[in-house]
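The structure's right below; bear with me while I get my questions together.
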Amino acid sequence: MLLESLREQVLRANQEIARRGLAPHTFGNASGIERSGVEPLVVIKPSGVDYAALTPDDLVVTDLDGRIVEGALRPSSDLDTHTLLYREFAEIGGVVHTHSEFATSWAQAGRPIPCLGTTHADYFHGAIPVAGPVSAEEVAEAYVRNTGAVIVRRFREESLSPLAVPGVLVAGHAPFAWGTTVAEAVEHADVLEYIARLAFRSILLGASEAGIPAHVSEYHYQRKHGPKATYGQR
Amino acid sequence: MLLESLREQVLRANQEIARRGLAPHTFGNASGIERSGVEPLVVIKPSGVDYAALTPDDLVVTDLDGRIVEGALRPSSDLDTHTLLYREFAEIGGVVHTHSEFATSWAQAGRPIPCLGTTHADYFHGAIPVAGPVSAEEVAEAYVRNTGAVIVRRFREESLSPLAVPGVLVAGHAPFAWGTTVAEAVEHADVLEYIARLAFRSILLGASEAGIPAHVSEYHYQRKHGPKATYGQR
Amino acid sequence: MLLESLREQVLRANQEIARRGLAPHTFGNASGIERSGVEPLVVIKPSGVDYAALTPDDLVVTDLDGRIVEGALRPSSDLDTHTLLYREFAEIGGVVHTHSEFATSWAQAGRPIPCLGTTHADYFHGAIPVAGPVSAEEVAEAYVRNTGAVIVRRFREESLSPLAVPGVLVAGHAPFAWGTTVAEAVEHADVLEYIARLAFRSILLGASEAGIPAHVSEYHYQRKHGPKATYGQR
Amino acid sequence: MLLESLREQVLRANQEIARRGLAPHTFGNASGIERSGVEPLVVIKPSGVDYAALTPDDLVVTDLDGRIVEGALRPSSDLDTHTLLYREFAEIGGVVHTHSEFATSWAQAGRPIPCLGTTHADYFHGAIPVAGPVSAEEVAEAYVRNTGAVIVRRFREESLSPLAVPGVLVAGHAPFAWGTTVAEAVEHADVLEYIARLAFRSILLGASEAGIPAHVSEYHYQRKHGPKATYGQR
């Protein structure tokens, strides 16, 4: 079996998004990529299978174009979004898609989440952007792949770095998050949900969309992610 | 004992709506129908009995007019709504009524839930409609049966298909959901609650009632329910 | 030891309001009354003791004026509200005070909860009223007793029956609920919290304060409480 | 090992804020101080370590200027806020920082929590104030220490007593709470979160910012904290 270790990580990630309540009703999927071989290989969960029943064998291995390399089950119906993100964002090693409650509510409202506090600034550099919606032509052509395309387009337009802004809201749909590993992608999907909860309440209490001063958000972001990071035991 | 397998399914469905938090304080009931015999038979929970204490024996079997065929206990006080739905919606095999928190809040506001995202579009074709309220004459004549009648009337008026829109909000009351089986009805009741949670937050964040573009909602609905469905392992 | 059975019921009620999340941080208390003896006796929890640690021995027995008849610990600081309610509402056998989250939010807003649906109508006949606030003179004279007095005054002013409206919101404070037994008082406190959750969301979604038509609320209330009640297995 | 008992208390406090859901994603830290020795010593959790994995050995002991006296791990990145609070608020024995959901939402909105009810009045004397934000100069000079400085400044400006108002919201950041012991600081952080939840809903329901009458809030505060306190078994 190919990629045994990555299969384990991707399996755990899929179970973890269910366990943390981010993906009720199998609304969600996680994948990871191994880029070190001759050809990059993606491991993703199969479509519509209950998380509790998943085993490493059930996972599907594909190439970067989504062609199945190993696996008896049909891959997640969102596969083409994952592979497009892997093709375009060379820095990322894992992708997580959820329909988590508050992040999805922001996505449905088509509204970016402004940076209203240091919880946000510790993980996301600036607002969490909204991509899409996907146009009628894009849906007709290739809906799932173009869901990835509208994400990438938004990042290019705003000159955003995928590792500095490790997540996005797809308008009228739900969030995607990513990271250097699939475990980090899960963490970002979970933090994104928490940020969405905080921001929802803050906005109802009258918080300004302008958010926190740049000198505070920069300090927090650099403290965790800059070259002189002081957070944690590194 | 008649309908042993259906009794098991209906029992599990009633326990499941309690376990998922959809029916606090025994505010809820599930039923199933067996249409293959000489005469269709309905299995429903008894009235006001704690879910934890229910056994298959406690369930009540009635005909399509609500006459008890088997069972020592009084059937759910909502029986006549269930039987009317079974009479009018020939496609459905199970009905679930809950007072789940957010769906009931929308019902109390008398407001249909617009299709604001793909979570909704995957399960419900268009807005989740509001039926009723039941008029003074209808209450006086036969309140419970007429609760079913106002649901059916709304579906006829809007030319809705019960399997494409597997649930409804009764104004000033609470949701009903259904499916081809009672297990599917539970799933629809649960998803309806989740959709209601998402929509509540989206609306407070300023989402437009217009909802997502038709090309997206059609794509999602057809992907799961159309003749060329690609979701899951079928 | 006096009133062994009532002590057990009151103990269980106090534990139950904690277990159901209605009284975080020991913000709550339950009492029961035995009216059949020569002199009515009240059993109430002691003040500021953790629910988990309570034993029947810890409970305090007082007369209707709050004089301790049995018990080594100081009674709940809300005792005088309970005894006043027992003196004035002869029909009730148990009183529960909580700071449950949504009911307390309505109390803090000083706003009665309108009857917006059948969940409400099944348990409370009409709006859940707001009593108080207690005036400066009343606080100075006897704050806790006068908390009871403002409740009774509101019920007299609006000609409300304590069994038809088994609970109230004290403005700027929190809810009180009651019933014919202390177990029923717990049930009413819990349903009141659920009604408060539903109504909060409904109001934010634009529900009219007018609430559901009288013919529906009357039907529901009478179905559970009227002389021809059809709900449950009675 | 120094301060064995205080290490145990601080460990338990750090675990407790995680267990109560106040500090998801290790967003939080608790410390305690021993003032009785020749030199006061602070015990604080290490930075970025998962709560579940913490042992008493992992805790870091520092002096009042944050110099490490014992401990192999790097202390919490918020250490300098804690030590400044200990230097300036001589009455306090423990400090807790969380990113709890509703208190953080108020902090992000930059809005003090008005005293809307007796739950609040029992623990906090008047509104829960907002400190900061920290200015660009203060961030550049010493961000973490100056987070403490803006808290102290707000308390001096409003002549607040740290034991009468045992917590604060830092604008665009999150709450800090304290008490005479670290266990009491945890309790105050938890009650602060509950008050924030109640106030959020009350404000959305239209509660006046003016809050409850002074004669009620004074009565409640004095009942628990005044020289003639009658609450609990003291």
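Order as written gives the chain letters A, B, C and D; numbering starts at 1 within each chain.
Here, a contact is a pair of C-beta atoms (placed from the backbone, for glycine too) under 8 Å apart; a residue touches a chain by one contact, two chains touch by 3 or more.
As the structure is a prediction and not an experimental result, all values here were calculated from the model.
Visitor: Considering only chains that satisfy the touch condition with chain A, which of them also satisfy it with chain D?
Guide: In this structure, no chain contacts chain D and also chain A.
Visitor: Check the residue numbers that chain C and chain D use where they touch, and answer same if over half are used by both copies, otherwise different.
Guide: Counting which numbers both chains contribute, under half are shared, so the two copies meet through different residues.
Visitor: Round to the nearest whole Å and give the separation of the Cα centres of chain C and chain D.
Guide: Distance between chain centres: 33 Å.
Visitor: Quick one: report the Å distance separating chain B from chain D, using the average Cα coordinate of each chain.
Guide: That pair's centroid distance is 47 Å.
Visitor: Out of chain D, which residues touch more than one other chain, so two or more?
Guide: Touching at least two other chains: 200, 204.
Visitor: Should the pattern of chain-chain touching be classed as line, ring, star, complete or other?
Guide: ring
Visitor: Show which residues of chain D lie in contact with chain A when the two form their complex.
Guide: 24-25, 27, 46-49, 73-74, 77, 99, 101-102, 104-111, 133-136, 139-140, 143, 172-174, 200, 203-204
Visitor: Residue numbers of chain A touching chain D in their complex, please.
Guide: Residues 116-119, 187, 190-191, 194, 197-202, 204-207, 211-213, 215-216, 219, 223, 230-233.
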